[in-house]
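All remarks here apply to the structure that follows.
Letters A, B and C mark the chains as written, and numbering starts fresh at 1 in each.
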Amino acid sequence: MDLLEVLHLDELSHGLANLSMFPYFDMAHYIVSIMALREQPGVLQLSRVSPLACWFSSMLFCFGGAVLSAIMLAEPLVAPLSNSTSVLLASITWYLMFYCPVDLVYCCAALLPLRLVLTGMKEVTRTWKVLGGVIQAHNKYNDSLLVMIAIGWAKGAGGGLISNFEQLVRGVWKPETNELLKMSYPTKITLIGAVLFALQQTHYLPLKKHHLMLIYTVFTVVNKARIMLTGSSVSPFAAIESTIYKTLFSGHSSYAALTDEVEKTCMDKGAVNGTPSTKKSNEKGAGKHTPVSPVKGQSGSLKAKDESENAQTKHSKKKN
Amino acid sequence: MDLLEVLHLDELSHGLANLSMFPYFDMAHYIVSIMALREQPGVLQLSRVSPLACWFSSMLFCFGGAVLSAIMLAEPLVAPLSNSTSVLLASITWYLMFYCPVDLVYCCAALLPLRLVLTGMKEVTRTWKVLGGVIQAHNKYNDSLLVMIAIGWAKGAGGGLISNFEQLVRGVWKPETNELLKMSYPTKITLIGAVLFALQQTHYLPLKKHHLMLIYTVFTVVNKARIMLTGSSVSPFAAIESTIYKTLFSGHSSYAALTDEVEKTCMDKGAVNGTPSTKKSNEKGAGKHTPVSPVKGQSGSLKAKDESENAQTKHSKKKN
Amino acid sequence: MDLLEVLHLDELSHGLANLSMFPYFDMAHYIVSIMALREQPGVLQLSRVSPLACWFSSMLFCFGGAVLSAIMLAEPLVAPLSNSTSVLLASITWYLMFYCPVDLVYCCAALLPLRLVLTGMKEVTRTWKVLGGVIQAHNKYNDSLLVMIAIGWAKGAGGGLISNFEQLVRGVWKPETNELLKMSYPTKITLIGAVLFALQQTHYLPLKKHHLMLIYTVFTVVNKARIMLTGSSVSPFAAIESTIYKTLFSGHSSYAALTDEVEKTCMDKGAVNGTPSTKKSNEKGAGKHTPVSPVKGQSGSLKAKDESENAQTKHSKKKN
């Protein structure tokens, strides 16, 4: 790499590392978060029926990461509330987004150029939150990589991870789905960031902190802009995910595990299960979930994953 | 105000402030709380099927405020359990209320004169809990008004606020409603108390603590007695609530936000939403929730609020 | 008791008390726990659709006790995660149990002789967990018997106690049942252990700690082996439970409480309920839950308990 280029990038990365999130980047985060809440089904009506529940939901959208990491670290849940300036700023944003005459604020913020800029600024705050979480965990748990990833992930994507309970505040309950079962793009990108920053903090990844901040921030901002401009929902990680899946998680034989053949397989090998009830529950488990069409061989596993996801979604929709 | 009268009230308020809740007022609180639990659908049957779940629910009714504020302040959940005398008293009350021969205790406590007195004493404990929570928060978070209100509210109305999870213990799950969506009278009066005591502690409200305790206690006791004697469910705050609602939360245009007109409104103004999926979710959101009949102008907003509440209730009943 | 026999048992109990759970007993606990998870309906399919949710569920099965007691004592939820060796061991077990080629690990572990040994070793770890929880609570809360029982119970049976939320991770939600409403055998045996160890620690039970450990461990291992070998689901406590139930929890009159007769009963005695709505909710409560056939007299109460349990189960199945 050209030294000059490196020097420039170095200055830029230092500048980014020393940037303060308050108040403009935080404001952008509040605006984009509350817009996302507002665009969910039923929320506008909620804002007329119960402003308090609407406000509480908005605060969970804005400070969800801080709340979840507080729960995980056994810190007071009210600690995020004690930062009065941030809460006031978020509350004003909430009020203007829902109750502004002629809906002026929402319509302006929804203009594509402005929305693009605000979303970019929100992605910058993501880097700060993830890094903040990783460092906080690093101080308390030294070299526990898993804890650092968990706290970084929670801080950066907490709002999405607690979505089931945020929906409960609004009187909505959808237990058939959650961010672990079907990870959305923001949660995925935050997990990757948490892993990278955790590896960097424990010196497994030979990068300086501010360089990684710059690379990660640029990647997230550019990718988010691409998604917004092209409307494409194709994940940039699709290829890597499918490779990891095919390598590690395809399992033993082609969906034998998903049918009652697994019992026969084990029995053919001369294994006898411990209790009769085990066999019953295996068959019950197998018989109850065969909307997935059997696929032969590992090459079809990604297709099968999509099929099973579709089946899962249909199954969820039916349940709904 | 006549000085003599002030002096008398001052003595009375000091007397009230120095009153100990243990054991008579606490007993009254346990009796009234467990009676309220017993009168919920299905609880008597639960007491025969699973005494343990019934006991656990009763403890949540009695100590719900302490549990919720412990969660919020990251204090051990078992701390309320460690007060053995209180737990023993509450457990004895639970046992007599559910399993007394000939149902003697419940029938006596349900006698109107006795029930009136017990409920009045319970209202007195409410003041103590709210004030205790506000002061506890004040010590930890100095001047954070929001935290003081939150902890005071949690301590005073915790049982109601965690009702969804208390019902889960009994095998009941009603996600479509909670105390934020539709606040009951006790939760409302506790919130008001928390706000008043928080303002008093931070010197925004120029009242002495024991004076405010007397005023608040008298107001809650008298109002609760009125509700019990007249059977009236009209809230004393209805006028104030409707004024606040009409002033602050009517929003931009008459329910244009609740129909798909909001998209046309923004588009007419030349705004283009960022992503195509946003538009879809707006329409979906709009189309899915039109049981609220459109109302023109702000004068009809209170009526619309009632209509939307009725629609919400019908919608909830349908979901049930 | 023969002194020699006592001496031998004493050596044995000391040996047991000084045994280290890591790594073999812990491994056995992970293997048996993850097998139990795997045999639940839908989990194999989950492992193909979302390995992350499957892993998270497995960790809750393995470390559920530590997580629940951390919540109750306001300790960081991530503390169990920080024990990297244990988490690594559990994760490897999870991977081999779900994704081993030809499903080798599961089939081997399911062989009855091996499963018997592993389950016995898991029962040994139960003693350690319960005792650990009781002692931890004893250090913090001195002589609060209830807290010691609660923490010991949570540590030993946490995985079962948080089952509703573990199922939520998998997208399953069954609010009509939980371990308090219908206690499974492991949860019951853990509760008994927690009570015994709490009484021993507070010197109400005149036994030495290592003697009680030996007795309790032998009892749990032998009983679990009996259940696995005979396939019998008859609880060894059935007789004691029914005696306690008939003595303490049969209530006032034969199911008068479960019908609307209770209102008439109270009214005949001249009691008038406080508010009209109370009467309505009593009738509603009574009327809504009469699948239990009325039984006369206390001798039939156990039969009625079974009937109501059956009714409850049918009612749950209908709900499902």
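The definition used in the following text is that a contact is a pair of C-beta atoms (placed from the backbone, for glycine too) under 8 Å apart; a residue touches a chain by one contact, two chains touch by 3 or more.
For each chain, UniProt lists the protein as follows: A, B, C = Trimeric intracellular cation channel type B.
Not measured: the values here are computed from a predicted model.
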Chain-touch separation of chain A and chain C, in steps, is 1
Quick check on chain B against chain C: do more than half of the interface residue numbers occur in both copies, making it same, or fewer, making it different?
different
Averaging over Cα atoms per chain, report the distance between chain B and chain C in Å.
33
Please output the residue numbers of chain B that touch at least 2 other chains, ranges allowed.
74, 173
Which part of chain A faces chain C closely enough to touch in the complex?
71-74, 137, 140-141, 144-147, 150-151, 164, 173, 175-178, 180-183, 245, 248-253, 255-258, 262, 265-266, 269, 271-278, 281-282, 284-286, 288-289, 292, 304-305, 308-309, 312, 316
As the complex stands, chain A meets chain B at residues 39-53, 56, 70, 74-78, 81-82, 84, 87, 95, 98-104, 106-108, 110-112, 115-116, 119, 168-173, 227-228, 231, 233
